[in-house]
Amino acid sequence: MSFNSFGRMFRFTTWGESHGPALGVVIDGCPPGIVLRPEDIQTALDKRKPGTSKFVTQRKEPDEVKILSGVFEDERSDGPRTTGTPISLMIENQDQRSKDYSDIRDKYRPGHADFTYDAKYGFRDYRGGGRSSARETAARVAAGAVAEKVLAHLLGGVWIRASMVQMGPDTIDRDNFDWMEVEKNPFWCADAKAAERWAEKLDAARKSGSSYGAVIEVVASGVPAGLGAPVYGKLDADLASAMMSINAVKGVEIGAGMEAAALTGEENADEIRMKDGAPHFLSNKAGGVLGGISSGQDIVARFAVKPTSSILTPRKTITAKGEETSVQTKGRHDPCVGIRGVPVGAAMMALVLTDHALLHRGQCG
Amino acid sequence: MSFNSFGRMFRFTTWGESHGPALGVVIDGCPPGIVLRPEDIQTALDKRKPGTSKFVTQRKEPDEVKILSGVFEDERSDGPRTTGTPISLMIENQDQRSKDYSDIRDKYRPGHADFTYDAKYGFRDYRGGGRSSARETAARVAAGAVAEKVLAHLLGGVWIRASMVQMGPDTIDRDNFDWMEVEKNPFWCADAKAAERWAEKLDAARKSGSSYGAVIEVVASGVPAGLGAPVYGKLDADLASAMMSINAVKGVEIGAGMEAAALTGEENADEIRMKDGAPHFLSNKAGGVLGGISSGQDIVARFAVKPTSSILTPRKTITAKGEETSVQTKGRHDPCVGIRGVPVGAAMMALVLTDHALLHRGQCG
Amino acid sequence: MSFNSFGRMFRFTTWGESHGPALGVVIDGCPPGIVLRPEDIQTALDKRKPGTSKFVTQRKEPDEVKILSGVFEDERSDGPRTTGTPISLMIENQDQRSKDYSDIRDKYRPGHADFTYDAKYGFRDYRGGGRSSARETAARVAAGAVAEKVLAHLLGGVWIRASMVQMGPDTIDRDNFDWMEVEKNPFWCADAKAAERWAEKLDAARKSGSSYGAVIEVVASGVPAGLGAPVYGKLDADLASAMMSINAVKGVEIGAGMEAAALTGEENADEIRMKDGAPHFLSNKAGGVLGGISSGQDIVARFAVKPTSSILTPRKTITAKGEETSVQTKGRHDPCVGIRGVPVGAAMMALVLTDHALLHRGQCG
Amino acid sequence: MSFNSFGRMFRFTTWGESHGPALGVVIDGCPPGIVLRPEDIQTALDKRKPGTSKFVTQRKEPDEVKILSGVFEDERSDGPRTTGTPISLMIENQDQRSKDYSDIRDKYRPGHADFTYDAKYGFRDYRGGGRSSARETAARVAAGAVAEKVLAHLLGGVWIRASMVQMGPDTIDRDNFDWMEVEKNPFWCADAKAAERWAEKLDAARKSGSSYGAVIEVVASGVPAGLGAPVYGKLDADLASAMMSINAVKGVEIGAGMEAAALTGEENADEIRMKDGAPHFLSNKAGGVLGGISSGQDIVARFAVKPTSSILTPRKTITAKGEETSVQTKGRHDPCVGIRGVPVGAAMMALVLTDHALLHRGQCG
């Protein structure tokens, strides 16, 4: 029942604070014999890492991953392979700027976990948010890269893609949706025009010290029917937990999501035909999950990320001693943390699917 | 890692199919010494049970609960008390109408789990949906009633209330919100006027064999700050999993939910003042959870329930053998399953909070 | 982390007290499509059930099992088959003799859990020991019968047998060991001569109100190499937990067991040759487990059951109020609880192996 | 259900191979606010580390522990304190002697996990045994040192001590038992005279390339009544799993252990009197556990460690390709691995007790 672990069979545990010496993840239950090189993980980390555009925190972290266990390169093999034993990955922190933390040490920043950590634990590591920092998501991305290798090994062509589909109140135009675009703009946005608008808006927000929220959509294609399980081990229940556990997430949707409430039964039913000898759904309101089990359609999950709580405008707050005061957050922050949530959401999708692929194989062969 | 269990320390396992002899739940980890009478559970079950209005399924089930283990009435005590050992609750099914299931046996009903169960397990109990039936939620409600007793014992005045806040595209008016109303209409709706409109609309839908989706809001008041834990054991991550595991749920929100994406950082920050010697938040965009830990504010969760998939209008589908056909669902179904989701959502909230109350006491004293 | 569950993937949860209305078990994670009839389970229960000889408790319990969920008999199938959803089994208690429990209500019986339950929970269900009664093992045997069906389905010819190998200080002669004998005497003893001696001794003990301990040996043949996992999921670690969790067990051994300490490295090494194209071990000091993983040899586990604590000779004790007194246990008790431990040990072996067979398939294919 | 994790609430996960870059442990669920300095852990590791006498492997490892997360030193506190978030401990491997492993790469060493790892995973990290190496126990000892700090914080005067009580067939004399002796001889033996005999015998075994098994006894004093839980979460079931998971262990006993089988009910009953206002047991056949719950007496566990499998005498074996051959293990090995099992057993006792102390507080307050 550990708090910092996720997954049932492909189970990982993350550790580390924003300003500690390092952070990392231990993955247990990985199948053996899968080629896993540091660069497989590094590529994923590089996508997420800070400092890559003016829209994400300017903290400079090389985020170089070390594989400390769980792989072995036999002189007869074509690369290091997973051994089936725990894979320990570590990323050392480098740029823990030695600043004066006295301000946030004593004041609770609204929207942050400062107050609740103190309420729970009696004190907290206030440097950069400690364990509540989004820096933890580097460990998820690293684990997700391993999961992607396992998925490819187990299921062949599963393809996980993610796009920011809304920034602030500005939503993409689905007619412009093109997965080819996501690597071409700093928002991982599949709508090139939206990305242009957002760049302008976010630049303004950044300069004024404000921030925007976002919605991320993650789509997994090529997932076979049959993954997931009733009733608390539902694929969508695990996805909901996975996405909601990401920093700053306040809502999770599968398929039609909250909009499903507004549909009639006729509109919501994804009708089925045969195509090329296989079941073919005429729509995907279900987001690829029925009764908690994958249907073979695209798995579609969305989540809302609240606007960065660290803003320049002073906000009313209190100190740990209960004195009323105000706080203004300076420092190197993302004006839209949702941007960095894109690879994190994709990683969580990969991790949930890998787990369920192994579970399904275990129970049903 | 069992699929049909939920919770870490206050852990329950449900079992049973729609048309089997019975369904039930085993609760493990319950604190000892709490008075628990069958009527404590029965009252909760009666709220949820079918046949109570024309808007819910006309299946007649007394839903009488039996406590089979885990309580003991000493001749010196004032009622049966929990012993700290597993509490087994059973509800016998009565009205499994012996109908001809040959239609749905071979056809996959769109929106139902028929196809995915077959894809996963190779065959399925097709009678009334088997394990995928919403009848399983009776076990959740029973377990939730026990959780409420534990919460009262541990935390005193925690108050969990739930309201339907949207039916189809029709949303309540927050200005009309009055918790006193929820027991007065068949929708558990806190806006009496909305309930009137919905009654009319749903009656029409029922007659035409159509169905509506809904949004349910669950609010827990009086929860102390400090429940929950980083980072995969977050209170909101567990709530997301809990709510998404309910039948037909497609989206889960905490606080501002999906709308958080549209806010600026200034709007989203819940500022803090002191009031009566305690921290007092000026708004609750966070829904009472920061960094995965309760803040002492109301815990606010919402979830969207898709429209009932069983409708009279024929829908295109296929048979288990891959033949194209169509299906029309007759039978005793709810035109808006969201209605019965209200007590289920409240039960899941109680179960998650109880679990975290015990976990917090275990780790932090 | 539930206290009353066992297993990782093939996970079962037992519930029930000695004198409650019923006891039972819920099995989660069972593979689908396995024919499971009540009589498959009943046969196993009948072996364990009380009242079958003068050496076991004279409590009369039919121990009739009901399958409440998790199986479905399609009109096209050749019997009820597991559906992959939770299997709920219930056994109703019949002969809860309405006796006066005032004696043990207030006095702590030495060797029983009376004192510790009170110390932990503040009070206890004192009727027949409540949850601490060996009656719980009926649920294990029922679950074990399901596990045996799964093992046969997954691994083919796995054969689990158990024998009492010691009663009191009297040990069997290995030269007389013949599995054919175990069904022929009330001790499930593979040495017919030892069984004769024991019958005489135990009859004397029974008459004098005394009791004997025992050692049980459980052997699983036909288990393929590769089940188990480093380092806390070792097959032998799980077996140790499984056997030690049985009532009254004080020691568990794998292979050479405690005697391994007295061996030299030369004696302990199980040398390997080839035979019929497969590895062939020349001895089995390891008991079929190396590094926590099965080697393909027989899995050999032994456990010691302490003598029944319920004896006629008065023993010094205290009351719940801390008064010194003495207690003499009357009632229907087994003079050697080890006898009924034989089918229970075999059941636990089947349950552990089934779990690991599924886990291995999940991780390694 | 991870394989490399142990514990329910105080849960730790170990990782690392004998000849990888490092090994370590992540502890989740630790209470906050406990002062934890690297030297608290280092002291424990130094006791276990290789190279400290001629009776343990001459591999030179400083075993220096690094605390990578989970503690924070506020400028106002008197030392680094646990924060309640995961504690990550790492020990870098230094002396992975670059030897030629071609011999054991292809041959299965009898008594080792070489064959079973290959059978399970298809290949293995053969350098020093990889994950199956006793080097993993350094991570247990590190975690155990944290557990001891928590126990002191939670329960005050719990005192965990361990002694080797048998080497080969030579058992200590209980009349000589003196805990003061254990730090004075290289065997951690409470009987000084036995230690002298063993030194002579083991020296001879070492020179001849042979090895001895051992029995270790671990005793925890000051444990309050009430820790543990029925029926699969029994304190003794968890201890059995904990001890059996240690490398080379083949048997585990609680209290009278396997000898309990030879006792009569009268002999086995630990009678109870009052002393200084508290229950006082007149004997401890139960080893401090009744019904899976601690009784307040000393918790007494014993385990048998088989003789080191790496011996100079050639043993018959096969190669990975199925050719018959023989193997002789050279290298830096312990002639009695049981010696280093002493601090490991004590660590596992501390870990199990800490877990149950938190669990008990969670469930029962």
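Think of it as A, B, C and D in the order they're written, each chain with its own count starting at 1.
Everything that follows uses one rule, which is that a contact is a pair of C-beta atoms (placed from the backbone, for glycine too) under 8 Å apart; a residue touches a chain by one contact, two chains touch by 3 or more.
Bear in mind that the values here come from a model prediction, so they are computed numbers and not experimental data.
Taking the mean of C-alpha positions as each chain's centre, the chain lying farthest from the centre of chain C is A.
Rounded to whole angstrom, the centroid-to-centroid distance between chain B and chain D, based on C-alpha atoms, equals 45 Å.
Centre-to-centre, using mean CA coordinates, chain C is 27 Å away from chain D. Within chain A, contacts with two or more other chains are made by residues 1-5, 8-9, 14, 29, 32, 84-85, 120-122, 131, 229-230, 359, 364.
Taken as a graph of touching chains, this assembly is complete, with every chain in contact with every other.
The part of chain C that touches chain B in the complex is made up of residues 1-5, 8-9, 11, 13-17, 20-24, 26, 28-29, 32-33, 66, 68-70, 72, 74, 77, 81, 83-88, 90, 120-125, 127, 130-131.
Across the complex, chain A is touched by residues 1, 9, 29-32, 84-85, 229-230, 358-359, 361-365 of chain C.
Those residues of chain A whose C-beta lies close enough to touch chain B in the complex are 1-6, 8-9, 14, 108, 110-113, 115-117, 119-122, 131-132, 136, 166-169, 205, 210-215, 225-234, 236-245, 250-274, 277, 279, 282, 285-287, 289-296, 304-311, 313, 315-318, 322-324, 338, 359-360, 364.
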